[in-house]
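In what follows, chain A forms one complex with chain B and a second complex with chain C.
Entry: the complex of A and B
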């Protein structure tokens, strides 16, 4: 990375950390909080969807699992609200456990079948939570109030989500250049050949799936408390799952940079379109933009800056 | 080193491999020949774990490997190439070989060490200058070499070569034969190869196994096998046997 880019990046991160304490507009802080969350989601997704080529269309469910795990922990054990910062870790662990159980059979399926089964998984989770009384059913769940001033609470969550985002990005970046990442990419290229080269594909895929569920789970825990009221349709919404895939692919799924670009640009485009146009038009333009991109830059926006790697035969 | 007992594999009504017994001893180069559709590639897929046999058992270095998944068999020391080359297209040559070093039996987990090891193997395979290129930009001869280099990178004891000479011209075949002897010596290998190019087979193999309709019809020294009436009949038809 060029030195001036490095310093620019450093400034951006430092600025982001300082932001909530400079009394900015509330809307702006909330928007950034959600953008950070989507970076976490899209970045994690890239581990399994981008590197290994197993398109998970149910990743939003891990956010929901994290959110509900945190809500239950907080309400059942009457924990101090500040404990949420720690309880987001069990939320991640819960999402990872579910990923292990779902992934073990699902990762035997390839291509569209894996995509379909993960999509079904997300649907079933939403339905199940809506119908289980101890999870609040269709009424959703309230979380206990923080007991501290609202602005301060918002600031704290903003900072924690920012840290989570940085950690996620660094982990995925590390994976990308590691043995693990090479194994995942080999699976995407040709899974049978990978096996003849000693890659234990079932284990490698499952590890990636579990890791890619962990961060969304933690994010869900933070999100639940940030919203202070969770409902199946807000945290288990299928739209979230699809948006994650769109963001990652929009930016480019073959590198850790893609989902950052994708999550930030799509969130901002969405906001700008809805600010200046009627919501219906905004949706249509959003959709068209995506179709054009998939057609002309199938490897994502970042490929535009890098040039294509593999020339034709 | 490798032993198959009563191996059988059917696809629908077709018996691709039928109660086959065979053995490959350490240090040998054994050729597997037979007309098209005689079950050669099916046998390779059985050995490398892509197919599970309907009946019969496979042993490698005295250990049963029947029905084990391909990565377990590879880790025990059986490397293979594919008849139709299958490079990882978005990996450069060095990345193609390095992945096999990283996950293979050399125990190298470190990226830099693995890169060095991969470079050595590409050097031996005559692909060192092209190491940063992508496989789709290579000529067939080089892609076949890459296929072998990658199989070598897992550090195998037994190498299964599936028609690595096919599609090469006379001069390339000569180089490939020399290359086969060279890697055998350097990597201390046992080689089991499917081949159609008779010249290559006769010049390299210690022993030849002939398959026809999934069954073994002959086995022995190259010259013996070439004169064997059943073999001539399988390849050329019964009429030709009388002329021997």
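Entry: the complex of A and C
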């Protein structure tokens, strides 16, 4: 990376950390919070979907599992606000456990079949949570207020989500250049060949899936506190799962930069379109965006810049 | 995602009740389940055709179905054309529309390295465009066909047959029969099956893959439209309904085996049957959970479908 880019990046991160304390409009803080969350989701999706080529269409479910775990922990153990942030970690662990149980059988399937089984998993989770009374059923769950001033609470959540985002990006970046990442990419190229070359494919795939479920779980925990009211249709919504995939593919799923670009640009485009246009027009343009992208930049937005530099896509 | 059906089979009152009545109710839900199943089957066959022949997963398939239902609805509202007749009016539009979509959107993507992913993102975009185009023209509230025979029923023995449901199921059966005959008997259909089994060999025998695929895509879109109209007879529809329909289409196609027309049709009937039976025995909100749970199990145990794969 060029030095000026590095310092620019550093400035951007420092600016983001400082933002909530400069009394900006609340709207920006909330918008950026959600954008950061999507970066976390898309970035962790890339571990399994981008590197290994296993398209998980159910990653939104891990967000929901994290959110519900946190809500239950908070309502049953009456955690004080300080522990609250720490307790997002068990939410991540819960999501990772579910991922292990689901992933073990599901990762034996390939291609569209894996995509489909994860999609069904997300659907079943949403419907099941909606129908289980101890999870609040169709009425959702209220989380107790944190007892601190709202603006301050938002600021704290903003910072924590920002940290989570940075950690996720760094972890994925680390994985990309590691042996583990090389194994995942080998699986994407040709699973049989990878296996003959002594890549323990089932283990590698499963660990990638579990790792990629952990971060959405933590993000879900934070999101639950942030919303303070969770409902199956907000945290288990199937659209979130699909959006994660689209964001990662939009940016380019084969490197850690793609999902950052994809998540930020798609959420901002969506926000701008729906701010200035009638909802239906906004959605039509949004849909056309995908069509145009696939027709002209099938390897994601970042391939545009890559292509310029190296002279080849 | 609750399905808003006008007609829901009544729950079986109690297991200890009059056994005769319970038996009839169960059979009744079997019948209406099979009727819905025929429609799922038709929707699945078109989807399966595209998936099998060009490895394209057409996420917009159900959106085309909803589009068909809406076009028929507008014809019914504006000119009083019965949806069954209305289908023949919109058939050419859907067929050529499908060919245009193939030529300008799908075909350029066919060269991509990862056709499955590319086509999924592309057709997902198409689905969003169609969905919002419909809610732009019409409004996003649920619609239902109101024809002369809506709400009427006829009886065969102790079993009630609702006219709209029966018409929908018959349309679906006819559509499936036409597709089957097309694939097995006509020259184009045989060429399509050949290019599906051995694309290179088919090309060596002088089959124009591009033309064949274009026709197949047009047919799939037209059959989706027919399926959508048939669904419109049974359930209410709104621009967003296609998401749920798509899940059912996937279920049917996976169960039947990709590219297996007869298998897909049978799978549709089976899904409808299980759906009808679970409606009779379980609370309504658990029916979809059961259906999707079943799909997960089937995928794990027999990912290639329940029936012997045969093109």
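The working rule: the second predicted complex is superposed on the first by the 307 of 313 C-alpha atoms of A that agree within 3 Å, B and C clash if a C-alpha of one lies under 4 Å from a C-alpha of the other, contacts with A are read in each partner's own complex, and residues count from 1 in each chain.
Basically, a residue touches a chain if its C-beta (ideal position, glycine included) is under 8 Å from a C-beta of that chain, and two chains touch if they have at least 3 such contacts.
Since we're looking at a predicted model, the values are computed, not measured.
> Taking the superposition as given, does A:293 touch the first partner, chain B, the second, chain C, both, or neither?
In the superposition, A:293 contacts chain C only.
> Looking at the overlay, what does A:189 touch: chain B (first), chain C (second), both, or neither?
First partner only, chain B.
> For A:301, using the defined touch cut-off, is the partner it touches chain B, chain C, both, or neither? Pick first, second, both or neither.
Neither partner.
> Quick one: classify A:177 as touching chain B (first), chain C (second), both or neither.
first
> Is it chain B or chain C that touches the larger share of residues in chain A?
C
> I'd like to know which partner A:199 touches here: chain B for first, chain C for second, both or neither.
A:199 sits against chain B, while chain C stays out of touch.
> Pick one for A:40: touches chain B only (first), chain C only (second), both, or neither.
Neither chain B nor chain C is touched by A:40.
> Residue numbers of chain C touching chain A in their complex, please.
Touch residues, chain C against chain A: 1, 51, 57, 105, 108-109, 112-113, 116-118, 120-122, 124-129, 131-133, 135-136, 243, 247, 250, 254, 285-286, 288-289, 292-293, 295-296, 299-300, 303.
> Show me the residue ranges of chain B that touch chain A in the complex, using the header's touch definition.
Result: residues 48-50, 69-71, 74-75, 79-80, 82, 86, 88-91, 95, 98-100, 102-105, 109, 111, 114, 134, 136-137, 150-151, 153-154 of chain B touch chain A.
> Which chain A residues qualify as touching chain B in the complex?
For this pair, the touching residues of chain A are 177-179, 182-183, 185-186, 189-190, 192-201, 309-313.
> Tell me, which parts of chain A touch chain C in their complex?
For this pair, the touching residues of chain A are 55, 105-106, 108-109, 111-113, 115-117, 119-121, 123-124, 126-128, 130-131, 238, 242, 246, 249, 279-281, 283-284, 286-291, 293-295, 298.
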